[in-house]
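We call the chains A, B, C and D, going by the order they appear; numbering starts again at 1 in every chain.
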Amino acid sequence: MTERPRGFDKKRISLVSTGGTIEKTYDAHSGVLANRESILDLMLASLELRGVDIERVSLLNKDSLEMSVEDHERIARTVRERAAVSDGVVVVHGTDRLSVSGERCAELMPDPRVPVVFTGAMRPYELRASDALQNLTEALLAVQLCAPGVYVAMHNVVLRFPGVVKDLELGTFVRREVAEALRA
Amino acid sequence: MTERPRGFDKKRISLVSTGGTIEKTYDAHSGVLANRESILDLMLASLELRGVDIERVSLLNKDSLEMSVEDHERIARTVRERAAVSDGVVVVHGTDRLSVSGERCAELMPDPRVPVVFTGAMRPYELRASDALQNLTEALLAVQLCAPGVYVAMHNVVLRFPGVVKDLELGTFVRREVAEALRA
Amino acid sequence: MTERPRGFDKKRISLVSTGGTIEKTYDAHSGVLANRESILDLMLASLELRGVDIERVSLLNKDSLEMSVEDHERIARTVRERAAVSDGVVVVHGTDRLSVSGERCAELMPDPRVPVVFTGAMRPYELRASDALQNLTEALLAVQLCAPGVYVAMHNVVLRFPGVVKDLELGTFVRREVAEALRA
Amino acid sequence: MTERPRGFDKKRISLVSTGGTIEKTYDAHSGVLANRESILDLMLASLELRGVDIERVSLLNKDSLEMSVEDHERIARTVRERAAVSDGVVVVHGTDRLSVSGERCAELMPDPRVPVVFTGAMRPYELRASDALQNLTEALLAVQLCAPGVYVAMHNVVLRFPGVVKDLELGTFVRREVAEALRA
């Protein structure tokens, strides 16, 4: 009815899920971890989120090592659509090919309207010692604080695309020149 | 020896602890939760922190309801000292009087060199369902992303002092005008 | 219809809850732990219980330090009623006065039909480092394995009433002669 | 020096570890769960064990699907040795071939001196929702309460060898006639 007080407006964030380690669940029969169902809702329920209103977009649910060129394209196009109608976009993605989707987003949106923040995990949420909640927490804050652009937020670091790669040895994302210097 | 590659430099962050709910531990004998020892180290060890190098400053260890005017002054002066020699300052503080220390910091440093981010928790880390790790994660990211200023980061929201209060009914921090509008 | 195969029959266990530390929950407003609601259901749901069919009897929900003589009597009489119609009884009880109820049960039922097993916790289930699940797990196994009698199961020990006391210094239950020898 | 009071004597239990799901750990590089190191010590440290003094015997560390006839024989012979010098033996074992080792133990020791209790887990300890601690808790209690014999303790049930099988569909152990009746 009346105007809501200033400072009380939550940001409308699209949360695009594509699968990856963060959502892997354990199959007691086969003894392996597989991408079978979304556990993002469980993670979101365990956080106290007063800054964002989240709209869930369940796009894919696969290990990023199995993603095709078409999958990356579809992710980037979905992100562009959501960026047009949200205050920000968070993308949950397998880390192995996260930078492929991130680079494609940065190409497709050289000058995005809003922040786009990719995140993922090295260890599934289902594990006691998982980085999943930390990374999701960071992405949901970075999407409010960063200038428009395409980023990855993980392990207490926010990096902007293009030029970001996963360093397998460090087990995290770094700028390409850092990865090259480390291996030189 | 040689120059480190760009993008690999961590921010030097001072982490000033003053006690509060976030660090409360359970005494099985008396059956109450008390501020007895720092459990911040345990929380820090459970996070993967690649963006910051943390220097711990254990200043106080008390429930903020028991803080005197002198305590708030001491906190603000310590923060000012650390802001002079760090890339940012995070202050762990009881939520009940957090805004008193925050306002005093903002007065003392109207134009700080670096970001100063207060945080705390409504539920101790020792509880399974605690907001402590979320809030600490957010403070340790906000201190890298925000412009110089004095803030509180908690529950997926970052607010800048002056003009921030704890709303007891909501159980979180809001801008003063929001709290007043809610109670009007 | 047809006879169920031998070995597949679950024991019918009455689970009498009376409150105590095991069920304490944290009130973020007051900052204290209080017996406010039963969290036994949550604990039971986290266990895989294939040996027992549990019938819940929510009798009291109070800190045992606040129990009156009438409360202990009511507990003992309820246990006797349940022992008459179950294959075993588990009683969740505050540890401070657990032995008062245990002794009263042993008096009232010098020769019980089935095993009666008391349990409790020194640290509430809500804490990350709680003994609650361990103790409940033990009570729900001991009630299947022990001979008819009144017991407390906790901390990897099962002791039979009468003659069991809580040793405040050890933070667990021991036979009375052990407690006396320790303090002699 | 002087005699210890009666009731204060802990049972000397041999804990023989052979690997299995219970000890699986996650490799962030390969994204799979593997038997790489013992996490039994971590589990034991999280329990309050006042009834037993544990002597660890790290015999094997493999998925039981990979166990050879020689492995089962070696396990059974080790258990027999430990049974001769302990008040009880607990064996941590992969569930897939647990009953092979259990049956061999029962053959080798038709009339054992002390209780021998096998246990394992359907979901590794590293998972938030694991049955590992429940099962270990049960084995460490059953070994004190059961008559001499060879058993499996898991999921709130204790069953005596011979004649126990893992039912893949139920995901737990049952008596052979129960499994056959279910599949008939």
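Please note the rule applied: a contact is a pair of C-beta atoms (placed from the backbone, for glycine too) under 8 Å apart; a residue touches a chain by one contact, two chains touch by 3 or more.
Just so we're clear, the structure is a prediction, and the values are computed from it rather than from any experiment.
If you take chain B and chain C together, no chain is in touch with both. Equivalent interface to C-D within the set A-B, A-D or B-C: A-B (over half of contact pairs identical by residue number). Using the average of C-alpha coordinates as each chain's centre, D ends up farthest from chain B. Centre-to-centre spacing of chain A and chain D amounts to 41 Å, using the average Cα coordinate of each chain.
Between the CA-based centres of chain A and chain B the separation comes to 26 Å, rounded to the whole angstrom. Centroids of chain B and chain D (each the mean of its C-alpha atoms) stand 46 Å apart.
Separation between the centroids of chain A and chain C, computed from CA atoms only, is 46 Å.
Chain D has residues 129 in contact with two or more other chains. Under the stated contact rule, the graph of chain-to-chain touches is a ring, a single cycle where every chain has exactly two partners.
A list of each chain pair in contact follows: A-B, A-D, B-C, C-D. The touching residues of chain B, when paired with chain C in their complex, are 21, 24, 26, 28-29, 31-33, 63, 122-124, 126-129, 168, 171. The part of chain A that touches chain B in the complex is made up of residues 4-8, 46-52, 129, 131, 133-134, 137-138, 140-142, 144-146, 153, 155-159, 172, 174-175, 177-178, 180-182.
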